[in-house]
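Consider the two complexes below, in which chain A is the common component and chain B and chain C are the respective partners.
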Partner chain A sequence: MSDLSNDQPPHGHTPKGRKLSAMLDRALEHVMAVIEWPFSLLQRVIGLRRMPYVFVLPNMILFGVFVFVPVLLAIAYAFTGGTNLLIWERPFVGFDNFARLLNCGSFLDPASCELDLFWTAVFNTGWYTVFNSAGTLVVALITALVLQRLTRGKTFFRAVFFYPVLLSPVVVALIWKWFLARNGLLNAVFADLMGERVIFMLEVLWSRFWVVYVSIWFHMGFYTLIILAGLQAIPRDIYEAALIDGTSRWRQFWRLTLPLLMPNLLVVLVLLLIRSVQAFDEVWVLSDGGGPGTANTFIVQFIYETAFATDVRLYGLASAASVLMGLGLLLLTLFQLWLAKKVET
Partner chain B sequence: MTRFLTRTRAKGRMDITDILTWVWLILGTAVIAIPIGWAILSSVKPEAEINSFPPTFLPRAAQELVIEGYDKPLPAYSLDEEGGGARLVGLVRRIGLVATVVDPAAPGERFKVEAERLTKQTELHAQWSNYTDPLERFAFMTYLRNSVFVTAVATIMTLLLNSMAAFALSKYRFRGSNTIFVLILSTLMLPLSVIMVPAFMVIVGLNLADNLWGVIFSTVATPTGVFLLRQYMLTIPDDLIEAARVDAASEFRIYWRIILPLSAPALAVLAIFSVIWRWNDFLWPLIVLSSPENYTLQLGLNAFQGQFTVQWHYILAMTVVALLPVTVIFLFLQKYITEGVASTGVK
Partner chain C sequence: MATIHLDRLTKAYGALKVIHGITLDIEDGEFVALVGPSGCGKSTLLRMIAGLEPITGGEIAFDQKRVNDLSPSERGISMVFQSYALYPHLSVRKNLSFGLENLRMKRPEIDARVQEAARMLELEGYLDRKPKALSGGQRQRVAIGRAIVRQPKVFLFDEPLSNLDAKLRVQTRGEITRLHRQLGTTMLYVTHDQVEAMTMAQKIVVLNAGRVEQVGTPLDLFERPANLFVAGFIGSPRMNLYKGTVAEAPDGTRYVTSPETGRLEGHVVGVEPGRDIKIGIRPSHFALGEGAGAQWLDVDQVESLGHETYLHGRLNGAATTTIVHVQNHLEAAIGDRIGVVARAGHAHLFDSESGLRLGEV
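Presenting the complex of A and B:
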């Protein structure tokens, strides 16, 4: 670290602040000296060429223990039964868990299935995915186009639209729960216009609408930024050429912007689909655990509750549902790769 | 919609696309700001105010008068005079339709009036005890401490371990480096929800269930972090490293003294993301942590709002506390965050 006493004090830095940062520097120096010692010793023993393995090792151990091992275990768990968490004490049941999940009179009617809650969750997640992905894509695209147009205030509005993305799911759910509450602001307006209050989160259609609305509100800014980056990558001279040719703006959008933006939009769409399928946090808190009834119960909630939130913890069944969902997500990812290739050619 | 892409505009003239642009911007800002603003305003309202309908816009509370000769402040009422006009009085007691009041100007004499002539007076009032009560009476201080601990420790470990891996993957050629990189990247696609059951078993196997370290260790190795740092380190010239080796610096010294300081911008972006991830994390802590004394702020908030009698005045105050650090970070580092997201495509 540089010798701070010889530097010109940076503007606005008090001598006290400088002293503090010099102290921190020295403390860090000591800590690193302690860490450095075993590393240099190791280097002397195993040689320079093996050092990169030492550097990646801590990360790879954590990845292995918390990601790669669980992936293998997830598949193993799906083929076992019982309620014991320890895998070696669980009986092998073959495809029983999958058979139970897929045991349906008709796949279009969740009520005809052995595990009707799972299929209700699949259908709820499906509809949510469709509306949330489409809604977010449209809103984010319009917002990105609007922001791209701005000459002044762009940074400010970009920040405004992005801000909700950084909030926690619980915070977002609580803010909206309060907004939609019986005594909430929206009901004050509603009571004024319609003469009566609506308890939004207790009515099936209203609650589904608000779940999608809040999801769009929450995540839209993230996708706006990605689309905006795509828009900024479109060379401007293309538009100048179009302007000289007298192309109308409507045509410009459909013939130039949209095709050039397509690869970007596809990435956004697939990201949206993948994330929508896994929706849980804010929906679960906002809808008080998937309510009313099971109107907003999604797949991840089914997995979580089957494995962790009941007295009889069916880890095998939950894992089987996870594996099915994982396969669905894998298909979506492969679909994206295929699409990306197709768009490129 | 059709004309959003105009690049050239006549100066000083607003056409329809300009109007639509500003309508969208202002409407969007309102849609985003109103629910948040409403929660913040409500968080300083007293309980009685929170539960009343229709809601008042600004936080108000019953006005009270301190009158000589009375131990406690009296609730203030406005008394309609028979000849028109009104004056401020303190309510001493009320029995049925008759109320006993006292005029602050003449504290000695009480008089009786019909209760219907009285209207309750309120004044602007911020109920700060909504913030202090939960921190003292409930376990929110513990939740806050746990959240700060997890966020700080996990972020420091993430920066250290991810940068070490990124250093190896960007500055060395070694057998298996590509395999390792692809393995790390493949976990980007792997959501927690698919592996949460066996991941929890691993936590139990390591005896880390219901332990803050269980939350920390399992999230330290991030594919995003390794990827982001590696891409940045690739731009650092190798000559610097060669020169250091000639000076007999150890590999760790090179990492610590050359690579890390030069990667500061990328490290800063990762640090910001890491803090936000950990502070906001919900599902994984929900699975790992089971006893309330180990809850993070998010879990505590969720548990508190799920109770039978919902105490919104406390919940909203704690919601604001949970939203504050992220907001402050965003206010100061807004540029780095939006640019980091745009360039890496992660959040």
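Presenting the complex of A and C:
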């Protein structure tokens, strides 16, 4: 090992860089000297062919503990009942939990379901997903198009639109709550203009509007960046050729920019749909727990409350809801993969 | 079809001037090459004519009509880009028809024009393919096709052959000149390759650092380069240049002399004796011979192409390298000493300071 690092000349452009890289090389040699023997011993025992697995093992363990095992556990819990936390103390109930979740007079009317809150959450998540995804996509696309055209201050505005992404969801929700409160900034303006105050988060339509609005404001910077990258990847001379061809701005956008941007837009759409279905934290804080009433109660909130926030903790029911949501996302993703292939051809 | 007139055209990026007042006339139906080294402003000039680059000063006129403020499409030009600039997501057919659809042309007319262009460029079998599925040469033909279907007044080519391999370049060169004969449209062709310019153009404009060095037919430029820059740029391999002086014989006749060329007799007019000059002799203007006036070439390198031979060496032991072109195969070896004679009337004389042509002997 130590010979190996000596074979490679240090790659530094400046004398200072070369010195640093030589130092790093020496440090690496020492580290290698210490950890080399267990690995060579291991290799002698298990053989060279199995060594790659040893190197990916640490990550696989982390991935397993925090992703695979919880997924399997959730599926297992979904088939159990009772309120005990430990799985071996829970009775097996088969598909009972799923049956309860799906027990509806009509799937179009949450009130006719046994668990009307779940179906309300499904419908709420549905409209939120549609409006949030469409809204964010359009706003991010327009923002990216404008940023792309800017000749000055491009970096500045790119940063301005990206900064909200860096904030914590709870912080974002609290800022907007303050902004929208009865005595908030917006109401001060409203009161002046209309003569009355609107308690935004207590009215169903207003609260839904602001939940989507805040979400768009919060996340659009991230998607703008993805779209901007796509815009910058379109060769400039194509637009020059289009200019010579006498193409109108409008046609340029619909016939050139949009199709060439499609792969990026599809990525954005996939991320948006998945994240919308998973929405919870910022909405929960902003709407004071899904209110008014259940107007902003989403699936994840239902799962959370069923499992952890009520006196009777129905882990099995919550897990079954998670599994259903997971299946829904799976179908959505499969559909998008199919769509992506279709767009490519 | 159109004539093009440039009048004191200038271009500056802020304080940086890149085009310094170019005045140029291009006849209707002429094939003109703009040639010069990288960064001489030839592409910028072409893009200004196309309308893709704003004009800082001066005037561009097509058919005596000022077009400075017209958009590229209003100028009635077509352009072929070095990168082809095809629409990557559209089929060849759509690439060709895209510009015509912008003009709201009737479908049958569009189809007819696309078919005609595809036939001329042998693209009929590829109309439904995407550019990705085409070879470099085919993409180039699509780019040319897209220019043809619009039936423009002027064709502009921006180094269209740079991305092709050597064999394809020669072939496409021929196709473009054939196209020019067929269409008879004014063509403006930018290249850094003087061979392309020499073989294709009826008129060549040599540009250097944003200025026109010389305008003329290929043979004009080859036989009577206006200055040292053109002399060095046109012709391959490049012209041999030597430092020399003008001298006067006791009988009053003037001649030029240099260590490499020896004494070159001839009619030297208007240059006073004692003046320092540059003598330029093209590799092909030396003849093998050991008679009167012969100079001796010490051969350093031999390039044999079978039907012709290039000898690199030093004349009369001088330090400057000389290249001599021999019309057929010559059995020569490094270290040989070979007698050569400069052909009378083919030594170009230039002023050492201004670089301007003085005449020939």
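Brief remarks follow.
Keep in mind that, in the parts below, the second predicted complex is superposed on the first by the 290 of 345 C-alpha atoms of A that agree within 3 Å, B and C clash if a C-alpha of one lies under 4 Å from a C-alpha of the other, contacts with A are read in each partner's own complex, and residues count from 1 in each chain.
Simple rule for what comes next: a residue touches a chain if its C-beta (ideal position, glycine included) is under 8 Å from a C-beta of that chain, and two chains touch if they have at least 3 such contacts.
What you see is a predicted model, and the numbers here were worked out from it, not measured in a lab.
Legend: residue contacts after superposition of the two complexes on their common chain; A:Y315 is shown touching chain B, with no touch to chain C.
Of the two partner chains placed by superposition, A:V130 touches none, neither chain B nor chain C. Ranking chain B and chain C by residues of chain A touched puts B first.
Looking at the shared chain after the overlay, A:L166 reaches chain B, while chain C stays out of its contact range.
Contacts of A:L48 after superposition: chain B is touched, whereas chain C is not reached. Of the two partner chains placed by superposition, only chain C is touched by A:L260; chain B is not.
Touch criterion met: A:I303 reaches chain B, while chain C stays clear of it. Using the contact criterion defined above for the overlaid structures, shared-chain residue A:N59 touches chain B, although it does not reach chain C.
In the superposition on chain A, A:L243 contacts both chain B and chain C.
Touch criterion met: A:V69 reaches chain B, while chain C stays clear of it. Residues common to the contacts of chain A with chain B and with chain C across the two structures: 240, 243. The part of chain A that touches chain C in the complex is made up of residues 235, 237-238, 240-248, 251, 255-256, 259-260. Touching chain A in their complex are the following residues of chain B: 1-8, 17, 21, 24-25, 28-29, 31-36, 38-39, 42, 50-55, 161-162, 164-165, 167-169, 172, 174, 177, 180, 183-184, 187, 189-191, 193-202, 204-206, 217-218, 220-221, 226, 250-253, 255-256, 276, 279-280, 282-283, 286-287, 298, 301-302, 305-306, 312, 315-316, 319, 322-323, 326-327, 329-330, 334-335, 337-338, 341-343, 345, 347. By the touch criterion stated above, chain C contacts chain A in their complex at residues 50-52, 71-74, 77-79, 81, 83, 85-89, 98-99, 102-103, 146, 150.
Note for the complex: chain A touches chain B at residues 32, 35-36, 39-40, 43, 48-49, 51-53, 55-56, 58-60, 62-63, 65-74, 76-77, 85-87, 142-143, 145-146, 148-150, 153, 155, 157-171, 174-179, 181-185, 187-188, 191-192, 197, 217, 222, 225-226, 228-229, 236, 239-240, 243, 249-250, 252-253, 257, 267, 274, 278, 280-281, 285, 288, 300, 303-304, 307-308, 315, 318-319, 322-323, 325-326, 329, 333.
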